[in-house]
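Both complexes shown next keep chain A, but they swap its partner, so chain B is in the first and chain C is in the second.
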Partner chain A sequence: MSRYLLRRLIQTIPILLIISIVQFTLINLAPGGPMRALLQDPNASIEDVRRLEAQYGLNEPLPIRYLKWMGGFVTGNFGYSYFTHEPVLRMVLERLPATLELGIAATLISYIIGIPLGMYAGLHRGNRIDHAIRGFTSLLNAVPHWWLGLLCIIAIANIKVATGVLILPTGGISTLGLAGFNPGDYLWHLFLPALMLGTGGWVTFARFLRSETLEVLGQDYVRTAKAKGLGPRVVNYRHVLHNALIPVITLSAGLLVGLVSGAVLYENIFSWPGMGRLLFEATLKKDYPVSLGVGFFLTMLAVAGRLVSDIAYGWVDPRIRYD
Partner chain B sequence: MQHKLLLAIGSALLLIATACAPQPTAQAPQATSQPSGQQQPPQQPPPAQPVKGGTFTDASFADAATMQPLLSQDTASSSYINRVYAGLTRLDPKTLDVVGDMYEGKGELSADGSTLTWKLRKDLKWNDGTPITTQDIIFTWQKMMDTNVKFPYRKLYQDAFSDVTAPDDYTVVYKLTKPGFCPALNSSGLIAPIPKHVFEKLDINQNDVNNKPTVTDGLWALKEWAKDDHASFNPAYKNYVRGEALLDTYQFRIVKDNTVNTQLFKTQEVDIATPDPVDWDEVKSLPFANAYTYYPTSGASWTYIGFNLRNPVLGDKAVRQAISTAINKQQMIDKIRQGHAKTQFSIFAASSWAYTDNVPKFEFNADKAKQMLKDAGFTPGSDGILQKNGQALKFRIHYNAGNKQREQIATISQQYLKDVGIAVEVIPEEWTAYLKRIGETRDFDMFVLGWSTGVEPNGSANIWKSDGGQNDPGYKNAEVDKLFDQAATVAGCKQEDRKKVYEQIQKIIAEDQPYVFLYTSESLVAVNKRIQVNPVTPLGLSYDLQKWQLTQKTQ
Partner chain C sequence: MTTISKPIGDNRFGAEQVLSRPSRSFWQDAWRRFLLDRLAIIGTLIFFFLCLVALFAPWISQTFTGYDPDKINLLEDYQAPSAKHWFGTDEYGRDYFTRTIYAGRVSLSIGVLVAVISLTIGVVLGLLAGYYGKGIDDAVQGVINVLNAIPFLPLLIIIGSLYRFDPFTLALTLALLGWTGASRQIRGLVLSVKQRDYVIAARTVGALDRRIMFQHILPNVFSIVLVIVGFDIVGAILTESALSFLGFGVAPPTAKWGNMLSNSLQYTRYPWLVFYPGLAISLTVLSVFLLADGLRDAMDPRLRQ
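After this line comes the complex of A and B, so read on.
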């Protein structure tokens, strides 16, 4: 196991290197650039532009700039934002908790809603609730969830205007003006963005688990368990759910990647002060150090998610052995 | 069994969501009158006595990048900085004259126009008790000119002033680069001074004080700043130059999407909204909303389609005039701004003191446009597109992707131009790439863009002078160059005298039509009735924030 872990960790190094090169190249070669925003003088000459480029190190060849960036990265120096002049690492670390909290809450919602729904639909194939679950999840699959989030915000605002009751907050991480950290207030603000961000996850889980459940129900060992006289609860939980859940672990790694990329959209809609929002702003402004720093941090999270899911896979399924 | 389990999980989640809802800390007072959306804003009855206390929650589309005045280059940063640092000068909300704020009275231009002198108030102190003197102003100027400091406007200041000196602790003398340069009055007070005793030993570019300023002289002090979420300010300093704040807290909530911002206003999570025109009728009808519609002079926003005069076909004035005549601007205002804009025919926003509409106008008339093109020698080709000497009237029109108003302008123009025999390809482009195309590579035929302009009309010289850095169309007119210089150096710098020169400029450029001038946008602002704001002036609402107060006392 430890050898396997070490090997996988070593394997992630070239993966991260390749991704970093691709990210660096794409971000730097995208049309436009930060000069227009940085140079506030409308009468700036070409010489002024060149001087500023030199000040920010943008006049050097791309490979040299990459090596410098990577050199800084391995020593913990992600560079400084062109616009806020703050260290990128500090900016990332300030926003990391908000993104992680939203991601974890969305993951929990994905499991809490998706697994029971999928399981129920699989165990009760063909009944009315199964049809309803299939119809509802198909519908949600076809609708962009960020748009659904926007509709929810509009609906909540209209309910507030009509009744005076604010069901849920429509943005932000906390109620402004509350003294200190208020866990209740925090959860109240977290609920809607996490539900929307987690919708893609639970819809996928529900649909996937339904088909897995149906497949496991047809296996010989389930038939044998029933023939042995085991009760439906034991058969369903110990034999069906346990085996149907194994592929869900593989899906979870994909879910993490989806949550990370989804953060860019949802954090903007729900005014959530996380890394996705920071990445969005930095990309628009061509704030290269911030785009690279946040992008690479999110990549590392996604790669780590894959690694954890591979390890968890073997832990859940005893047939998997780490060599 | 499983069904019950699911219900239980669902109920639990809803309970968590609702039970955790905090109780509101303050109740908004009842609305006292119906909202209005008329041109003149509603006048609220002022409270009999000033009401102290309360919180105002503003909404900002972006968080500040910095609170260091010398590094600021975005609107959000300026908003935060203006809360905590006092300004040297200000614009009079009624006359729009530059008057002293930390400075006294008005700036004095020397007889030969070579220097501008301001007197600093003698009763000013930083909030740590240190007197504010000209040493702070000179220190700030030196840092502005220090090439190691990433001050983004250095060249603009170098163009206006060759030096700034202080003969004593309360007199500042600005040496003008061009004698009698009227805009120098405005420039002299734009950057707020920073405390010398705090920053003299720090690297201005990177230090821990920039974003946690404790020694300030503004109306507010930073209480809390959660990046990308909110920033709160408390009254800082009762000796602020314009008096003490009545509100207890001024806070910004960062909301990047305007639709979401409108919803936050509806839920009363923020106290101010600037809705899109399409949402205006709904917002102004909210019982707790006071609706303000006005055309600001400072921050006036106007929209245009620019031509590339380097293109030989578009270099022909007759073609540009015909294109302007072929486009129905009023219909754009009706469809895109729901009527909340004014047609504009000149280089200044319709609300500018320098504006005149006594200029050549190219109002919509498709038949006339066709005739103008015919007179210019264009005839229909086999595909119906007009051509001359084998050169078809086919153009590209660029706009920045994601800007819905500009997208609509581009596509509506495409249709109108098609009707007169001109083919247009509409091309969206990412913002910075778009700016590079328009401002650097100049690889375009037409483009949709807008200007947000200040009170000082000389700011437009960069756009229209032959060597202007923002002269994207490549417009060249020696007389216009001369008139801009003349308008900036009119003896006495009186608005009425300068306006006469700007009127001449407007007539010439309107005749030349390097832009299709479209419209000046109306500002649409809704404020929660629980807040008494200032009367609307050409500067809008956000001046004299120390006077903002609750309409009645709330607990």
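After this line comes the complex of A and C, so read on.
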């Protein structure tokens, strides 16, 4: 197990290296270069720009700059923001918890809604509720979920105007003016963004688990279990669900990458102070050290997520051997 | 009962009647099944309707509404939907219906373009990887592993801020990132098809690899290609609209469904401005899904439920 873990860890290194090279090259070869934001300042003379370039080490050849950046990265120095001169690492770490919490909440929501729905639809194939679940998930699959988020915000705002009652917060991480950390208030704010971010997940899980359940129901071991006289509960949970869930875990790996992508979108819509919003704001200001740092950190997060779900896959399915 | 030529056993059909129906090709069979699939037909009709509306957007807006998609008219801002402005107007008084149908031109053509490019890359690499295996396969799978590990939206935001996208470069970028699914599926099919007898027969008589790949293997995996096209179009439209919603898509002022929604949070009193562009995206995606699902069922009878 530990050898497998080590090997999988080593396998991620080339992936991360390639991605970092691509991101670094893209930013540094862009028209105007990484100093474009500063070049737009009418008061900046050529000398100023040269001096700043030297200060940020931009007068060196690209490969050297990459190696220095990577070296800094390994030792925990992600560079400094062009605007606030804050260390990028500190900015990222400040925003990391919010993104992680949103992502974990969305994952939990997609399991909690998706698995029971998919399982139920599979076990009761053809009945009315199965049809309803299939129709609803097909429809939700076609709708951009961030648009649903926008519609929810608009609906909530209009209800607030009409009745004066705020059903759910439409943005931010805590109520303004509230002193200290209040878990209830925090969860209240987390609910809508997490539900929207998790929609893609639960819809996929429900649809996938339905067809997996149907597949497993036709297997010999299910018939054997029934023939032995086991009750439907035991068969459904111990035999059917257990086996149908295995491919769902594989699916989680791909969805995690989607969650990281979605973080940018949903954190923006719901003013959630996470890394996605930081990336958006920094990129808009052309604060490239921050964009690069956050972009790479998000990629690492996605890679780490895939790793975890790979390991979980082997742990759940004893047929997978680690060698 | 004197002639011997008449069969003696089961004679329900009469001896002269030909028992076999005329043979139908795979595509004729698939076509027949497709026509019986009501949802698929609905999806096809909606999709072609949307394509026609996008294609004839200038004609439609001239004939029926008479507005220019980018014409600003501050006297008529935030109008509710009416006979005059079917979908209302936005904060600049631009006719929202005209903008919505013009936006379809960008979104749909990017979707189709991405599907064509990514499919070309995916099919060729999938064929090569599946057919030759070994080094080529390892290399292609390696690239796929890297691409699948990247969260696209952050990367696209960075690229979009550095290099201004026009519809073609955006489509090219999306395609270069998104060909992996097609390639994986094709590779899997090629792996099984290349073991078939007719491929071995072709190789035995000395056919070149190129001929085997494109004349013998490709036609037999082509049905899945059509299905992948559908899912690629959908993926591209959804990514493009998310990107232009964030403001990093094709440069403004071109109307796109995504960037029409960019100011949504200021539209709380004008919900129709949020409703219509999203509805257009959803309708497009839904129709392509129905179409692709129908194609898949029609071409693979085993998948029918």
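The working rule: the second predicted complex is superposed on the first by the 293 of 323 C-alpha atoms of A that agree within 3 Å, B and C clash if a C-alpha of one lies under 4 Å from a C-alpha of the other, contacts with A are read in each partner's own complex, and residues count from 1 in each chain.
One rule holds for everything that comes next: a contact is a pair of C-beta atoms (placed from the backbone, for glycine too) under 8 Å apart; a residue touches a chain by one contact, two chains touch by 3 or more.
Please read all numbers here as calculations on a predicted model, not as lab measurements.
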So, after the overlay on chain A, do chain B and chain C clash or fit? They clash
Once the shared chain is lined up, is A:W147 touching chain B (first), chain C (second), both, or neither of them?
-> second
Task: Determine, under the contact definition given at the top, whether A:P273 touches first (chain B), second (chain C), both, or neither.
output: first
- Message: For A:R210 in the superposed arrangement: first (chain B), second (chain C), both or neither?
- Response: neither
Task: First (chain B), second (chain C), both or neither touched by A:R95 - done: first
Review point. Can A:I173 be said to touch chain B (first), chain C (second), both, or neither?
Key: first
The answer to whether chain B or chain C touches more of chain A is B
Q) Given the touch rule stated above, what does A:V260 touch, chain B (first), chain C (second), both, or neither? A) second
In the superposed arrangement, which partner chain does A:A157 touch: chain B (first), chain C (second), both, or neither?
-> both
Thinking of the overlay built on chain A, is A:I19 touched by chain B (first), by chain C (second), by both, or by neither? second
Practice item. Considering only the touch criterion stated at the top, classify A:A302 as touching first (chain B), second (chain C), both, or neither. Key: second
Chain B stretch colliding with chain C in the overlay (listed: 130-138, 184-192, 400-408 or 490-498) is 400-408
Residues on chain A touched by both chain B and chain C 30-31, 150, 153-154, 157-158, 161, 268-269, 284, 286
The answer for chain A against chain C in the complex is residues 12, 15, 18-19, 23, 26-27, 30-31, 138-139, 141-144, 146-147, 150-151, 153-155, 157-158, 161, 254, 257-258, 260-262, 264-265, 268-269, 276, 279-280, 283-284, 286, 291-292, 294-295, 298-299, 302-303, 306
Chain C contacts chain A in the complex at 145-146, 148-155, 157-159, 161-163, 234, 238, 241-242, 245-248, 261, 264-265, 267-269, 271, 274-275, 278, 281-282, 285-286, 289
Counting only contacts in the complex, chain A reaches chain B at residues 30-34, 36-44, 48, 55, 80-81, 83-86, 91, 94-95, 109, 112-113, 116-117, 119-120, 123-124, 129, 150, 153-154, 156-158, 160-161, 166-178, 182-188, 191-192, 195, 233, 268-271, 273-274, 277-278, 281, 284-286
Listed in rising order, chain B residues that touch chain A in their complex are 1-3, 5-6, 9-10, 13, 16-22, 25, 55, 57, 62, 65-66, 71, 73-74, 150, 152-156, 159, 205-206, 210-211, 226-230, 232, 249, 251, 253-257, 259-260, 262-264, 266-269, 286, 429-436, 439-440, 462, 467-470
